[in-house]
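Alright, structures below, take your time with them.
In the two assemblies presented below, chain A is common to both, partnered first by chain B and then by chain C.
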Partner chain A sequence: MNYWLQRIGMSVLLLLSVSALTFGAMNVLGDPLFNILGPVARTKDVRGTAQTDGYAYQASKGNPTAGLVVLDEADELASGQALLVSTDDELPLRTDTIAPLDSVTVEGGLVSIADTVSPGDSVVNGPEPEQLFKVAQAEQEFHLDKPLPERYARWLADFVTGDMGPQFSKTGEPPVTDLIKERLPRSVMLLVMAQILATAIAIPWSLWSASKANNIVDKLSTFSTFLIIALPNFALGVILKYVFAIKLSWFPQTFNASDPLLSQVWQMFLPALTIALPAAAVYQRLLRTDLITTLQEDFILMARSKGVSRRNVLFRHALRPSLFSFVTVFGINTGALIGGSLIAETIFRVPGLGSAVVEAVATEDFPIVLAIVMIIATAFVLVNVVVDVVYSLIDPRVRR
Partner chain B sequence: MTVRLQTEGRVSEGTLLEIADVKTHFRTERGLVRAVDGVTFSLERGKALGIVGESGSGKTVLSRTIMGLLPSTAVLSGSVRFAGQEILGLDARQMRHLWGSEMSMVFQNPMVSLNPLMKIGKQIIEPLQIHLGMDKTNAVATAERLLRDVRIPEPEKRLGQFPHELSGGMRQRVMIAIALACGPTLLFADEPTTALDVTVQAQILELIGEQRKDRNMSVILVTHDLGVVAGHTDEIAVMYGGRLVEKAPTRELFANMKMPYTKSLMRSIPKLEDPSHTRLLTIPGRPPDLVNPPKGCRFAPRCAYAREKCVQHEPPLIVSDTSSEHFYACWYPVGSPEFEERDVEIMTNVGVGGSA
Partner chain C sequence: MSEIELVADEITNQDDASPEAELITRRLGWAFWLCVCWLVVIVLAAVLAPWLPLKDPNANLVNRDLGRPPYSPSSEFWFGSDQDARDVFSRTIFGARVSLTVGFVAIAFGMVIGGTLGILSGYFRGWWDRIISFAFVVLLSFPALVLAILITSLLDRGLMTISLTLGFLAIAPVGRLARATTIQYAEREFVVAARTLGARHPRIIIRELLPNVVIPMGALALLGMAVAIVAEGGLAFLGLSVQKEETWGKLILLGAGSRDLEKSPWISMAPIFILFLTVLALNFAGDKIRAYFDVKETAL
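Here is the complex of A and B:
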């Protein structure tokens, strides 16, 4: 009980650290406003000048379409405050950069301005009011005007309630949550298929090769595992696509998300195989080595001396004690592949998390990146728990 | 060719095992290791033979050669006849019908010889299902009875336990239960007590002895400890450097041991009647290199009684004058004038009274 509490505490702490790090990095190293608005975001850096002397005030709070207005007569201003400017002055951009106006003491003083403004005859060569409005709106919508810790807290609160925020790049549509809901199941399906394939290939292969340790068959299989591992994933994917989809036409060349589920599974076979083969080769290396070690144990000789057949010695006695490194790496792979299957997804045009993360990084769409980072981190945490449970299922001595 | 022996074909008395000029060599990078180099003996049904020797004398390899449990790198020659049938060189597929059913082995270290991830019950049931074709219920009942036979308390509870939940002594009892499961006619016990507590050692040997009598089973007890075989065997074979150097009925061997090597083994056992802190005699040097064994008697380089002839010529295995069942390979055996002459010198030099 205590153990599980500790585990959960650690997992939560880990996820918090991952999210805080990613969130901080993306906000400090990048400019979220720019990613949302593009060049428009730059308008907030544009300063204007007054064409005639007068009082400047920011009307955007009350009337967003208005920008900075320069007034001739301070006397006309009622409530609010404004700054006396002359034509050579650089005008501040917005109220918050003017403010606090009451603290500014200028010759002629600060004057009150009216709620409803009679338009002045002077215009500012400053930012377009609509653009400034967009900036202000975006800052408000994405809380960019708030300090970083508060923004993190807001994001976290939304995230735990299942709201991953709007997308930055595509005018906030669809919300990131919907995008993830669409992509995640596809990536999970791809991952599950890949891992099942990899295991189905690796276990018989390693048993076969360990039982023939160091003879020509084993050496050939070692060569093939290294070939598969050394072959870059995109090359493998392209080869598989060329042979099985283009030449033999056994499989469709690309994925179609609108097809029924069963045919989607069929379409996912080649991308899954692209991921599975290198994984299977790694698993085979680990399993083969562990099997060879196990086969030298006394209890294997004991099992043989009982008359257990060669096949059953391998399957019933040697396999289970040899699974530990395999299970460990299998777990790590599961976490890594959930967002890292982008090569296979790209080659076979499967719109999954991998391709989503590539697009999001390219457009610096932080909410999507952050959401996927969190999914991968959560997957790691969950898989680790599962791996520990599997350890205890394999070996009774691990049980507590 | 089938090797499955029919029950009616089993040897109930007479010779069960006959081995002749058995050689087991291993090809290594250093050269050919002659682990067992021409051993001949036979064993009657129901009798216990002790094979004694230091580490590296070939005793374990010999027992595994007889059972056919060696890796495929071993080069075998000679003859092993079990119940009248030649079994040397049969492959594992043929041998496995004998393994567990006709001959079985109790291994040295019970801590590592039971599958740590398999429940005790399942490990005992396995040979019962393989060889006797028992269904699960039957096999479980038999397993429980076997555990009771080897004096394990609460057998029904043990069946569901894993090896790590049992003590070393208990595990060795489980090993014996597994070995006995299908009622083999020949049991190999390879240093069955070496890894155990001294207090448990005697119990395990007693247990093997009892089961031997109850089941009229032959036992080959492999050990480095003459003391272990003394009370539990009918015959003793002493091995050195892959060869048989002395063989005799147990009583005869202890009464008239001929090989200086056997005598040295004897002297390295602590005795109750010795005053405390008596220094045990060790055998100086190391066992011979089995790739390039010495030219003459293999023990000569370490033998305090060796003379020129021992180094030059290998002594044949000859019949003792004390008993027709006693064989030894030595030019100057214990009791010969040359031996006695040297013994007086040694004993006065060392200053230790050796009475063995």
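Here is the complex of A and C:
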């Protein structure tokens, strides 16, 4: 029991760090405001930097300093000029705050800035007020004005309750959750199909191979697993598409989401095979090794000497005890297969999570990327836990 | 055994000790040297590409006698040409420059960072080891491609960014191998002897441990290079590869549209073939070296 508590705590900790990492990267490396608003967001970009001690203004990007007055104390400003406010004032500001003149009021040495400009903002030579308003509105809507940890906590609370937040592009509509709800089932179906296919290929193949261990047939099949593993999945996808969809026309080239379910399954066969074939090769190698080890055990000899046929020995006696490491790798491999499924989805144009990631990246819509990363990580952790459970069910020795 | 190690072991316990690996342990064999030959050829071709008598990879070599491009493979265009009458063969060779660079830089970065972290955490153990191991587990719990997507979508897509991103992904597997190997050697007699003689930590790590850790890492480096090259191709298919230069992945993607595949399959099949041979050679050579030095754990 204790072990499982530890295991679950570990999984939660892991998911938390994954999400914090992703969230942090998105917000620190990326620029959410720009992703939402586009160029408008740039109106509040810092064009110059102020040094903390003095009040020097450093122009960059060819920005003229002429319109800027560096303030030591509050002074009268001519119209069209901008103001550099220092932290010594009443305002809790960074020194690099530059505000447009019309949003600044000066009263007897006390400098105050209108609400539309939030602390830390900097504006060079006055953007339009409605642009600033838009920025402020977007910041409010997406909570960008809050500090990073608070935003993360907010996002996390929403995510746990099943709300993945608004999309960046298309100004928040439809919510990410809806998009995921539409795309996720297809990806899951693809993965399940791929795993079924891989198992269906690997088990007979490994049985056949193991029954002829170190024979020329076995050597050839080991060699071919090597070839398959060396073939990158995108290349395999292209080859399968060329051979089966274009030359032989057995399968449609692309996926059509409006078709009935049965034909969708048919359309998913090639992408599923693209994912399944390398997985099958991995499974085959593993199972074959384990089978060969099992076949050398005494109980197999016993079964054979009792007169059980070779076929029955293979299926009834040897297969089950050889499945342990297969179960483990089956679970672990799911993570790798998710990566493969992203590519298979793009090649065969299946509108699943993979294509959603590609689209989201193209439009810099990071809430979608974040949601999908989290789904994949959660799936990964869950699969690992399930594997653990299954493993300890099959083999009680694992429960220490 | 701590819970961290438990989880870590579950992720990496893909035991590769197949019977034939035991048989070939002390023999590299002709196939290995064949692979090495191919790798030497492709690396030389990539390095010397600008000085080899190749066609300009970006020139539109329209030939009136052959009609409209794309041209099928012939003595003039060994691998055919693409829609813009550019020579696929020379494009593939020039693509090798970028793809191999990505693979090499990625794995070198992963080796240096991951190796250092792994050796330090394996040697000093304690809390640092726990933190670093946990970081490795976190890194490994991302499907690698997803992490690569995340980083490349946030940063610019220069050659170095892509290479270092893929190198970043190599840190965890390399680090875990380095850590496991270090732990294995840290209590051996020669290390204890060095310590008893008064050697300081840096000396023990560099003179005693490093040479033993480097060998299994070398086998992993070949496999890792293959993984990085393939990962770059995967990124290309997601539209996230190097922006400027042509890579194998981008070349394959270029010819992977339905119409192109139907009319001129060689545009993508030729680079696929070269990529396949290279990955095969790297995998095979890596496997053989691993078997030769009897490295147990790999995590790629």
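Everything that follows uses one rule, which is that the second predicted complex is superposed on the first by the 298 of 400 C-alpha atoms of A that agree within 3 Å, B and C clash if a C-alpha of one lies under 4 Å from a C-alpha of the other, contacts with A are read in each partner's own complex, and residues count from 1 in each chain.
Everything that follows uses one rule, which is that contacts are C-beta pairs under 8 Å (C-beta built on N, C-alpha and C of every residue); 3 or more make two chains touch, one makes a residue touch a chain.
From a predicted model like this one, the values you see are computed outputs, not experimental measurements.
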{"item": "Three-chain arrangement built on chain A, chain B and chain C clash or fit", "value": "fit"}
{"item": "Which of chain B and chain C A:287 touches, first, second, both or neither", "value": "neither"}
{"item": "Partner chain in contact with A:234 - chain B first, chain C second, else both or neither", "value": "second"}
{"item": "Partner chain(s) touched by A:36 [first = chain B, second = chain C, both, neither]", "value": "neither"}
{"item": "Residue contacts on chain A - larger count, chain B or chain C", "value": "C"}
{"item": "Partner chain in contact with A:299 - chain B first, chain C second, else both or neither", "value": "first"}
{"item": "First (chain B), second (chain C), both or neither touched by A:179", "value": "neither"}
{"item": "Minimum Cα separation, chain C to chain B, after superposition on A (Å)", "value": "12"}
{"item": "Residues of chain A that lie at the interface with chain B and also at the interface with chain C", "value": "none"}
{"item": "Interface residues, chain A side, partner chain C - complex", "value": "6-7, 10, 14, 17-18, 21-22, 25-26, 29-30, 213-214, 222, 226-227, 229-235, 238-239, 241-242, 245-246, 253-254, 285-286, 288-289, 292, 325, 328-329, 332, 335-336, 338-340, 342-343, 346-347, 354, 357-358, 361-362, 364, 366, 369, 372-373, 376-377, 380-381, 384, 387-388"}
{"item": "Touch list for chain C against partner chain A, complex", "value": "3-4, 6-7, 10-11, 13-15, 17-20, 134, 137-138, 141-146, 149-151, 153-155, 226, 230, 233-234, 236-240, 249, 252-253, 256, 258, 261-262, 265, 268-269, 272, 275-276, 279-280, 283-284"}
{"item": "Residue ranges of chain A in contact with chain B within the complex", "value": "297-299, 301-310, 316-317, 320-321, 394-397"}
{"item": "Touch list for chain B against partner chain A, complex", "value": "67, 69, 92-93, 96-101, 104-105, 107-109, 112-118, 126-127, 130-131, 162, 164, 175, 178, 181"}
